[in-house]
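One chain, chain A, links the two complexes that follow: it is found with chain B in the first and with chain C in the second.
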Partner chain A sequence: MLRQVQEGLRRETAKKLRFVPGIIYVDEGAVCGQSPAEREETLLQMEAILRASGFPYHLARLEEVFDLPGSVLQRGPHRPAGPGASYKEAVESFIHQHRQAEGGAPERLAELSTRAMPGAETPGGRGARPLAAARTEQLLQLFGSVKTLTAKEELLQALRTHLILHTARAQGYSKVLMGDSCTRLAVKLLTNLSLGRGASLAMDTGFSDDRHGDVLVVRPMREYSAKEIAFYNRLFGVPTVLTPALDTRAPEKASIHRVIERFLYGLQAEFPSTVSTVYRTGEKLSAAPGDAGPAPGAAEPERCLLCLCTLDTNVEEGSALQAILVSEQLSGERPPAASPAGPGACAGAAEQRGCCTHATAPRADFLPLLCYGCRLTIKDTACLESLPPYVRSEAARRSRRAAMKQQIQEFLLEDDAVTPGES
Partner chain B sequence: MPTTCSACGTSPAALRRPRTGHALCRACFLAAFEEETHRAIVAGRLFRPGETVAIGASGGKDSTVLAHLLQLLNQRHGYGLHLVLLSVDEGIAGYRDASLAAVRRHHHRSGLPLHVISYRELYGWSMDRIARHLGPRNNCTFCGVFRRQALDRGALLLGADKIATGHNADDVAETVLMNFLRGDVGRLRRGAGAGTAGGEGAVPRCKPLRHAYEKEIVLYAYFQGLDYFSTECVYAPQAYRGYARTLLKDLEAARPSAVADLGHSGERLSLRSDLRLPARGTCQRCGYVASQPLCKACVLLEGLDRGLPKLGIGKHQRLRDKLRDGQPLTEEERRRLGAPAEADGEVPEQQEPGGESGVQDKERGGRNLRGPRDLDF
Partner chain C sequence: MAAPMSLVVEFGGGAELLFDGIKKHQVTLPCQPEPWDIRNLLKWIKQNLLKERPELFIQGDTVRPGILVLINDADWELMGELDYKLQNQDNVVFISTLHGG
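And now, the complex of A and B:
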């Protein structure tokens, strides 16, 4: 994708692209089992590639999620599409701006790029080392408390998205381009289907994803298959860096993602139209919430805390969700409100970790803030306390607000069909 | 390592529920399963008092448990339903006759009335005979289409208001996956609801067990001492659904709630409103509900009767149009439609005995070919 953007921006290209790109790379090595030395090695390789591109770049580490603000989880104000003038005028003004800023490009590059590591910017960076190590510890503890590989993958995706989103907002980018190929999106479609995320399929795999409001996530590579991209890279000498992923060397049926990937690749070998058929089916989905949408006249629909898609957990009569709740109730699960364990306790307490403080919202308040898919992820997370502060504080804030609303429900005039905490 | 039942807290647990992972004793599991089915029926408003419900009974685990449960709950909660068992004989030797025996045993034990209709009577073709002409693949297409109509016609003749089938959560999940893999957007949209509405020769249907895990149905039958027939259909291994089934097993191994999660996803899918989806009309020949001028069963039958069994399989619109217009087909075209390789223009073998000889010559557009026949019970 980087190469394509570079091609598109060259002076000689007809229909030249008209935007200012930056690049972000998120280092997830700690979670994927890389040693600090290996991570440093990878970062150096990446930096070389990014610097060669000539665009401002940002290197981020996943550990930074512990320093994110709670506003990351809130939908930003929707930025109207430019001054409202015609496309041609917008292009003209862009070219004009660009010509003015043309001089001194290399220095500006160094200014704009950030290589983020806590405390690394300060010259006397020695004191930063323990802080960085502590963050890595926290990250490992968080992922350690997640019981299944499926949930780990989902959590990793959520955190990565938040980090990218925050960087984009902080640096003033209005769009994020993701490099998902057709093959990867087909896998994602089936995976999300199996994870109970049917309601948000269109946003997760569509061309544009506007769930964050001010920053638009775009997937320009969605029409290319993985094989085509591999050939392109080889033929045109595009440099790549290989890093281990979360499920590298994991057993076959360890996670839903792995199962689907293996299945789809296997089926594709026998029925060569499989991937493209799945992809095309995905194209036919719409991003509108459909039946699970809010009542007319309601304000902003409730959004999931972690993935920011519209909540799909309103219980409809005869639905699968209702059936699961009934089953859990009949099989002896105590209803969340009457939990005898008391507020603030988490499953981690059962394992003698004793890690929970009363600052964390109890699990019972947490779950209603999430969509069906994210609920499953959090259910697999033993210790809620190890979640990054921004998640916990935003969850607590929303819980308090929901409680407030509950108290004054009878006096509110606007018709709000979806309330957190309703089951 | 004896665990205690998590529902009653007293008896030792006899099983672990696949659906939720809880350890339950026999009594609590049976009670929970029955209660869940009851709630699903009530919440989904599947029945109204006084209705006659035809239970699609194949002798297999799903329909056996369904019949047992409906009878039990009907009594316990006073649904006020009149229940009948409706069985379809597809004519698969070694498989269907054995499972029909199981249905008859259930009928004798339960006292529910039983009616059996066969493909041979209805269409003039048994599945074994179709398979001989068609080969190992694509049999399930014929069987599925014919069975659907057979159930409807049987139900109409019995005067039933609804058909209840034993589809379970695994079936629903497999269907969601399969429709995605095949790009069948029309079915994805229709699959979301609790059942079909009926009309134009089709009786409304419902799936009371659609939230029940297949494994739990087996557990229920086991602990309740129910007897059923459990061999896989001989033609099933070649079916495309097999891939979805294997995938579902793997998904369930990775995360047990995947079956229910797929059901939830299927319900919450929203399709673009600008899609061009097939409209619902009626078949010109037999009047059954269809999205094309001829219903699928009529097309399939036409192919079989003419010795071109693949007429309804795959995309042969141009060739079908040629036939409809009475134009002759070339040798190669006939081969593509599955004509036997020996000689050209061979008359299809004599129809099997049984049913009326000759055609009930109701107004079929002047052509001497059959759609599904009417029956007198």
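And now, the complex of A and C:
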């Protein structure tokens, strides 16, 4: 993707891309079992490539997740599409700005790079080495408390997204370009379906993802299959750095991601149109108009704590989710002290779990804030205290607000549009 | 009768992790009665070069789906896949496009 952007920004290109890019690399070596020496080496290699590209770059370590503010989990103010200016005018103004800065452009880029370097290496001016070790311990503890590889991968993705989002907001970027290829997106589509994230499928695999409000996540490479990209890299000699991932050399059935990947690639070998069929079907999904932005006057739909998609769990009786919760209750080891009247008490079920075992009381507060897919990830996490502080503080804040809202419920004037059985 | 052949075998995209991290191998295939083709080459690689986890590279008779094979920078599907007869000084590249090795 980097090479393509470089090509697009060169002067000779007919339809030049009109934005100023920066690059971020997130170092996840600690989670993937790399030794510090290996991580340093990988970082050096990455830096060489990033510096050669000439764009401002940021190196972030996954450990910095523990220093993120709680605002990462809040949807930013939705930037309006544009003050009505036409496309041509916008392009003209951009070129004008660019030309003014053109004289000092090379120095400016170099400045940004060197500024980004100390920013990444010593966050907040603290000494990098000793703090990094403590954070690495915390990170390893967090991932150690997650029982399944599937949940680990999901958690890693969520944390990585938060880190990238925070960096984008801090540095003033309005869009993030991800390099997911067609093949990867097809795998992701089926994996999300298997993990219960079907409700947010359109946003997870679509071209643009605006769940964060102010930062738009865009996937420009979704038309290229992995095979094409591999050939491109080989034939054009694009420099690559290899880093082991969480599931490198894992056995085939270690996680849902691996199973789906194997399934899809296996099918693709026999029926070469598999991946593109899955991709095209996914393309037909589009985000519901309600997700585009809050309609004036209506309440903002509640969002999941971790993945920021609209919560799909506040649904009426008779839905599949209620059926799952009821069957969980009925097949649980401890018979509930007082069974609820019927399947219409989602909050009741949460309290049941809470009063049965004290240890899960904080978990019971946590779960209603999450969408179904994230709930499964958290259920596989043994120790909730090892989650990064921003997650816990944001969860506590939301629980308090929900409790407060419940207390003052009778005094609130509600719109007719709000359904009565909501809280 | 096949004369001993020297080839350059390269691995990319993560496949080199199974071969001690070495990306480029200069190999010399010994003399043998049948002519060398990709099928035999794969068996030879499995016996001589592959250090661990053969199931991550080879599946049955052929490579695992998801591993691309390029012969002289051309897709092997154009050259006859497993039946392509190797020539001296050929360049065979195995690129893994899989997520986990």
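Structure notes:
We take it that the second predicted complex is superposed on the first by the 348 of 423 C-alpha atoms of A that agree within 3 Å, B and C clash if a C-alpha of one lies under 4 Å from a C-alpha of the other, contacts with A are read in each partner's own complex, and residues count from 1 in each chain.
Just so it is clear, contacts are C-beta pairs under 8 Å (C-beta built on N, C-alpha and C of every residue); 3 or more make two chains touch, one makes a residue touch a chain.
All of these numbers come straight from a predicted model, not from anything done at the bench.
After superposition on chain A, the partners chain B and chain C are seen to fit next to each other with no clash. Touch counts on chain A: comparing chain C and chain B, the chain ahead is B.
Contacts of A:Ser286 after superposition on the shared chain: chain B is touched, whereas chain C is not.
Shared-chain residue A:Ala226: touches chain C; no touch with chain B.
When both complexes are overlaid on chain A, the residue A:Thr183 reaches chain C alone and has no touch with chain B. Contacts of A:Gln406 after superposition on the shared chain: neither chain B nor chain C is touched. After overlaying the two complexes on the shared chain, residue contacts for A:Gln171 are found with neither chain B nor chain C.
Within the superposed three-chain model, A:Ala199 lies in touch with chain B and out of touch with chain C [touch as defined at top].
Contact with both chain B and chain C is seen for A:Arg258 once the two complexes are overlaid on the shared chain.
Of the two partner chains placed by superposition, only chain B is touched by A:Leu330; chain C is not.
Between chain B and chain C, the shortest distance over C-alpha atoms in the superposed arrangement works out to 16 Å. Chain A residues 258 lie at the interface with chain B in one structure and with chain C in the other. The touching residues of chain C, counted against chain A in their complex, run 12-14, 16-17, 53, 55-56, 64-66, 68, 70, 73, 75, 93, 95, 97-101.
Those residues of chain A that touch chain B in the complex are listed here as 148, 150, 189-190, 192-199, 201-202, 253-256, 258-260, 263, 267, 274, 277-278, 280-281, 284-292, 312, 316-324, 326-328, 330-333, 372-373, 376. Remark: chain A residues 183-184, 187, 226-227, 229-231, 234-235, 240, 242, 244-250, 252, 257-258, 261, 265-266, 268-269 touch chain C in the complex.
The touching residues of chain B, counted against chain A in their complex, run 5-7, 9, 17, 19-20, 22, 24, 28, 31-32, 35-36, 39-40, 43-45, 169, 176-177, 179-183, 185, 188, 194, 211, 243, 246-247, 250-251, 253-255, 257-258, 260-273, 275.
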